[in-house]
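Take a look at this one; I'll ask things after.
As written, the chain order gives the labels A, B, C and D, with residue 1 at the start of each chain.
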Amino acid sequence: MVEEIGTNTEGDLIINVGPQHPATHGVLHLVLTLSGETIKKVEPHLGYIHRSIEKMCESLSYRQFIYVTSRMDYLSSHINNHACALTVEKAMQIEVPQRAQYIRVIMDELTRIASHELWWGAMAMDLGAFTPFFHAFRERETITDIMEKTCGARLTMNYMVPGGVMVDLHPDFQKDVKSFIQLYKSKFEEYNELVTGNIIFQNRMKGIGILSKEDAISYGCSGPVARASGVHCDIRKLYPYEIYSQLEFDEILDTAGDSFARYMVRLKEMQQSIRIVEQLIDNIPEGEFQAKTKAVLKLPKGEFYQRVETARGELGVYIVSEGGTTPYRIKFRSPGFSNLSALEHMVKGLKIGDLVAAMGTLDLVIPDIDR
Amino acid sequence: MFIKDYIKDVYGAVKSLLTGMRMTGYYFTHHKEIITEQYPDNRATLHLAERFRGEVVMSHDENNEHACTGCSACEIACPNGTIKIINKFDITPEGKKKKAIDTFVYHLELCTMCNLCVQACPTDAIKMAQNFEHSVYDRSKLTKKLNKDGSKLREGIE
Amino acid sequence: MFSLEGITNTVHEWLNNHFSPTLALLTEFVLVGVAAIALFALLGLGLVWMERKVAAVMQIRLGPNRVGPKGIFQTTADTLKLIMKEGLTPDGADKFLFNLAPYIVMIVAMLILAPIAFAKNFQIWDINIGVLYLSAVSSLSVIGVLMAGWASNNKYSLLGAMRSGAQIVSYELSAGLSVISIVVMTGSLSINDIILSQQNGWWIFKGHIPAFISFVIFIIAVTAETNRAPFDLAEAESELTAGFHTEYSGMKFALFFLAEYINIFIVCAIGATLFFGGWMPLHIGHWEGFNHVMDYIPSSIWFFGKTIGLIFLIMWFRWTFPRLRIDQLLNLEWKYLLPISMFNLILMTIVAIMGWHF
Amino acid sequence: MIAMTNEELKIKLTEFLPTITFEEGGEWLNVFVTPRELRSFVQKIRTSEDVLFDYLFCLTCVDWKTHFNIVYHFSSTTYRHNFVLKVKIDRANPEIETVSDIWRTAEMLEREVYDLFGVKFLNHPDLRRLIMPDDWQGWPLRKDYEDAINMIKL
């Protein structure tokens, strides 16, 4: 660890960004090798928030382990829970009622919007503009209020259970979601006025942190990061789960692969999510919200893998079951982990300011990387 | 041509900056857009969703009776070991031994408000309360006894 | 009519009547010093509160509202807290330079105050090269910043200080050029003469488009010179945590903080003096009646009003724009502002020679 | 651009390496390769125009107490078919060739597996602890790992 202090033999400055640093959104630790302001090497050091969720899950039952996954990518906790529930349902071949599927998809998309809202504000803050953060939170707060009313919590909801959802929708749900959509649509133009169109912002983002299509695939990137480089990777389109195959929405693709493309992909994705919610909100079928399941869930012997699209990319849940009530081995393929590995490739030769901008567009959530 | 592009660049740049300033200027002059909630002051009007999960409580009726049979379903369902149920055996008037709870121990400091215990409870004895102001100066105060002193099982609940 | 000039004259006469002239002069020195420091303290408190309120409302928040009515004593409370904090000096730091740096920054800010006219005939020192003095002394503050960055023995501080050095040295140029364009019009370097030359209208109106362009350049350049967003690269908190004052705490940090706001006030005062006529009321040509009505408003209110207006503009920038990158910052100066202001200076000279201004 | 079914993949992959064995069950095709033949096999599936498995989306290890299984999940961004590759390695002396030069994402994933299971990836460019501190003793995700201080048994 000697070389992390001071300079190396070539006279390059070695600087620790993190684990407590305003731009790393948590406890990411990057060791930068700088020549002046130019970045020569980026080395991530992980583990500051490692809770070994995979090991914890080995001693939790199939009902209990879902709640832990909310703590991985806490900004899309619904979708994490959804992935776990889907894996268990796939393994046990539980038929999920239509109503539950609709509710789940609406919740997923609302979570996605909320997550992107936070990303938008935080990324603008990385670039030095504080105001967008608060404006983003105005809309995000509406979503968390909706979540609170129906699910009972604002961030780590634990609303999905194997076989459906935990409780039925709140009677106000549809009304609230509709008023949110209205609010969102009236405020969306402000995002462009305040940030997207700004010349300083565009200069900071365009042509910075370029990730080519080949590299995006090779680095295992997924989600908006890969889609900005032109990789078709939306799991909702490619391997549709729940009722995504019946929905009309576009997979947003860009080919530039730079920070601005990643930014635009996320902005447009929010609107696609709104589109999905609009399609579903009036058509939630009546019926059961939860399938009848046994009190103690036992997965058959075997290996089960489920991929879902979280706000950050592809989340995979890999369960190895020995036939008992707890998983033998569980692995979460987290999107942030792979996206982070592409960071060094993106920012080599750029300035410190670009590192912050590129990292902002990767939308890293550190507990998701460390697990 | 070069000069024309140069001027165009400068014009576009200034315009985009002014657009942003117009927006912040709008919010500067429109104070009704402010969304701040002044939390400790608005306690009286603070409306929490009825499903909000703040802590686990056991509901007692006016006769100081609860519905907990001490079946430990919640204890098994809890992922964190938040709940510990200590049972005792009452002697009924007929001389039979009957299981009843002695203490329902609830470790608030371990609880993640996942709602699994409430879901698991067969008699709806416990529920989630909306209290969210949990901070105390002494950590041992977070370990709570949920059944009130002298309370007993409501008649007719098995 | 209430006038600051009257007060100074009364004090001057009273002192000379009661004491020997030497003692009276010395007392006046002390009084001016105390007044300057008091102004600093008041400005610091007021501007920090103003910044927080402006930021809050633009960000749809309420801002400070607990200490005092509308939170105006929030800054006092913060200052108290900072005084009580330990002023830490890191182990590896160059202790002498580390502790000297905040005072250098502060003293420079105080020095610039000298030639500024706060009201009619209310000026600490009416130096005949006032504008030259201003631009000469204001560039000294970079020494304090570099000193702080170097002495901290922290790489973030060093990077911040180096950025700040490059930035201030570059932006001095266009700030200087836009100031010169006004000097060209008035033909004097004295602040008082510049103000008096705006008797029949402020330069921003009289000077046509060239004056407006040089005003815009001036505002951009001084925003950069005072290390304010969007040019706050020296302390870019998302990149360099806090830049050159990363290692400072307690009162030493407070001095940096205060100096930042004093600098903003001073550059805005200079801007108000050069382009908006300082304490000169709004006069339009030969509209005697209108001019007369305007004269009823005290000159100090004109001065502070204009200055605070400009300060608000700079705050508005800060809470709207994202930060530039270091190379873009230098590009903006050398590729856009400097050529434009040079060209503008030529235009201004032509306007002055041909007498096209009013 | 049509995804191959599991049966077609089975035939195709056997062409690349006749010694591979298959495991029944699961959504995707499960293929076992010996550690010695891993490199030549993965190079073929990465470059062959017929399958083109260019996307390694999951790399992990399963501790079966008697041996380790290194599990690779491959996908093709062109054809959209997936398969699972498993390599059985010795538990006492876990060593396997790296694939990080073929799929860049494997560099971090292999470091994670090394960190949590102690599997040595030969020829890996930078095999160090990733998550645990550098001086950590033991491999936390192994089944026989005991840590009296940090593990709380409920």
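Rule of thumb we're sticking to: contacts are C-beta pairs under 8 Å (C-beta built on N, C-alpha and C of every residue); 3 or more make two chains touch, one makes a residue touch a chain.
Predicted, not measured: the structure shown is a model, and the values here were computed from it.
J.: Looking at chain pairs A-D and B-C, which one is connected by more C-beta pairs in contact?
T.: A-D
J.: Report back the single chain whose CA centre is most distant from the CA centre of chain A.
T.: It is C.
J.: As a quick test, compute the distance in whole Å between the mean CA positions of chain B and chain D.
T.: Spacing between the chain centres: roughly 42 Å.
J.: Cα centroid separation between chain A and chain D, in whole Å?
T.: Measuring from centre to centre gives 24 Å for this pair.
J.: Round to the nearest whole Å and give the separation of the Cα centres of chain B and chain C.
T.: Comparing mean C-alpha positions, chain C is 51 Å from chain B.
J.: List the centre-to-centre spacing of chain C and chain D in whole Å, with centres computed as mean CA coordinates.
T.: 63
J.: What are the residues of chain A that contact at least two other chains?
T.: 131, 138, 194-195, 198, 200
J.: Counting only residues that touch at least two other chains, what does the list for chain B look like?
T.: 17, 20, 23-24, 35 - these are the residues of chain B that touch more than one other chain.
J.: Enumerate the residues of chain D that touch no fewer than two other chains.
T.: Residues 154.
J.: Chain D touches which residues of chain A in the complex?
T.: Against chain D, chain A makes touches at 1, 45-47, 50, 52, 54-55, 59, 90, 215, 217-222, 231-233, 238, 302-305, 307, 314, 316, 318, 320, 328-329, 331, 333, 337-338, 340-342, 345, 370.
J.: Residues of chain D touching chain A in their complex?
T.: Interface residues on chain D, with respect to chain A: 25-28, 30, 54-58, 60, 62-63, 71, 73, 77, 80, 84, 103-105, 107-109, 112, 130-134, 140-141, 154.
J.: Over in the complex, which chain C residues touch chain B? Could you list them?
T.: Residue list for chain C touching chain B: 54, 57-62, 65, 316-317, 319-321, 336, 340.
J.: Which part of chain C faces chain A closely enough to touch in the complex?
T.: 55, 58-61, 155-156, 159, 163, 229-230, 232-233, 236-241, 319-328
J.: Inside the complex, what are the residues of chain A that reach chain B?
T.: 60, 63-65, 67-68, 131, 138, 141, 145, 148-153, 156, 158, 161, 166-167, 170, 190, 193-195, 197-200, 202, 295
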